[in-house]
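Letters A, B, C and D name the chains as they come in the text, with residue numbers starting at 1 for each one.
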Amino acid sequence: MKVLYFAWVREKTGRAVEDMDLPAGVATVADLIEWQRGRGGGYADAFGDDKAIRVAVNQTHVGKSHPVAEGDEVAFFPPVTGGAP
Amino acid sequence: MIRVQLDDFDVGAELARLTEGNHAVGGLCSFVGLVRDMAPEGKISAMTLEHYPGMTEKALADIEAEAQSRWPLEASLIIHRYGRLEPGDRIVLVAAASPHREAAFEACHFLIDYLKTKAPFWKLEDTGAGAAWVDARDSDDTAADRWRRPDDAAE
Amino acid sequence: MIRVQLDDFDVGAELARLTEGNHAVGGLCSFVGLVRDMAPEGKISAMTLEHYPGMTEKALADIEAEAQSRWPLEASLIIHRYGRLEPGDRIVLVAAASPHREAAFEACHFLIDYLKTKAPFWKLEDTGAGAAWVDARDSDDTAADRWRRPDDAAE
Amino acid sequence: MKVLYFAWVREKTGRAVEDMDLPAGVATVADLIEWQRGRGGGYADAFGDDKAIRVAVNQTHVGKSHPVAEGDEVAFFPPVTGGAP
């Protein structure tokens, strides 16, 4: 599984991308967020406020109940702020 | 057509290319987003736009396809920059060309509203007080929601 | 700024000039109207735009002033051509620049809707069947009426 | 009084502009339209359908009840059709 972090999520975790095996017991985005929080340090900080985090699986916006599986590309980031004022 | 790029773009050339030789076009609506020197937090000296390469292109292509499916468009365009930008710099160009002006306006408005809440870009502003990530605004969700149709799934 | 002219205009140069050095502008919405090769009556080979010199400038200046009074604009522009035009030629450019995109969109849309029913221009189309004056459309009045405010006098 | 004609009104009257004295008994735009119709020929044709005619006095759109006076610039034309489709 490839996991990406953007904006302040990236700054807090201290990394932009990492390869990992699907952790045991993780079936959904919500599970993965909880697992990330359990890693402590910058991860606990980055994933401390569930509501502030948005998620894409395989480059598509998804909700927290969306499944994750081995081989997925999962990205964590704040709400997007592109475009114009 | 969609493009994600570091460099500036030439608005006149892009718009001219969009309708060139297509005599079915009666109206071409475009919108350019620019970097302002004021943020709610104070004066900004520069900003850096981060994005998600791969997903950005996919998101913009989806938004453009959605506009094409909703309005009778002859052509459309989304160009979004990333990287470091200063006040006055162009950030984004969206455009829609149609036989009729109403469709051109609505589609262009839709493109920028949807892009704002769906394309994976994040702004880091440099202010006197240091660099800060821009917060998303509720009003942007409201603007995007206005284009939602009854049969769209809630998110 | 308003201009009435025989010659074509350079969209990119006009829009760049409109916001140059003004770092309060966050959004610039523009609309270009073009000559289509199809009219309800059939294929058109050319058209001639007649106007009322003097009143045209006055009407466009009034419409621009009205937009400036209704929306917080940093800049606005109306350029309208007259004379002989062929399919694909630009007829009109309107633009509005504001700190926020909503105001830019609304003001730009207002400019073209109002212009359409208030500026003294008349189109003569050359079709295979000869030259014919274009009829005004009720839908244009409807589009302009949407911008009417409760305290506006009926006409 | 300066009177101007545009588009098919101009084609039907056969002239673009004319100087005239305010005709006797004419106080409003409606009066002037009726007077024009009475001139016969191309004028009767141009002003035959009151509803198809729009009027500006001193370069401002006005209704048919608007007054006209010596020294005014009065223009007659069809509904305007500028801008974009």
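Simple rule for what comes next: contacts are C-beta pairs under 8 Å (C-beta built on N, C-alpha and C of every residue); 3 or more make two chains touch, one makes a residue touch a chain.
None of the values given here were measured: they were computed from a predicted structure.
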- Path length in steps (a step moves to a chain that is touched) from chain A to chain D: 2
- Task: Using the touch definition up top, find the fewest steps from chain B to chain D.
- Result: 1
- Note on the structure: Rounded to the nearest Å, the gap separating the Cα centres of chain B and chain C is 23
- Message: Measuring centre to centre with CA averages, how many angstrom lie between chain A and chain C?
- Response: 48
- Message: Two-or-more-chain contact residues of chain A, please, as numbers and ranges.
- Response: 83-85
- Task: Mind pulling the residue numbers of chain B that touch at least two other chains?
- Result: 26-27, 31-34, 36, 99, 101, 112
- Message: Testing understanding: with touching defined as stated, what is the shape of the graph linking the protein chains, line, ring, star, complete or other?
- Response: other
- All touching chain pairs, where touch follows the definition stated at the start: A-B, A-C, B-C, B-D, C-D
- Per the touch rule, the chain A residues reaching chain C in their complex are 83-85
- Query: Once bound in the complex, which stretches of chain B touch chain C?
  - Reply: 10-13, 15-16, 19-38, 87-88, 99, 101-102, 104-105, 108-109, 112, 143
- Message: Looking at the complex, which residues from chain B come into contact with chain D?
- Response: 26-27, 99-101
- Which bits of chain C are touching chain D when the two form their complex? 31-34, 36, 49-52, 54-55, 58-59, 80, 91-92, 112, 115-124, 133-136, 140, 155
- Message: List the residues on chain D that touch chain C in their complex, please.
- Response: 4, 6-8, 56, 59-61, 63, 75, 77-85
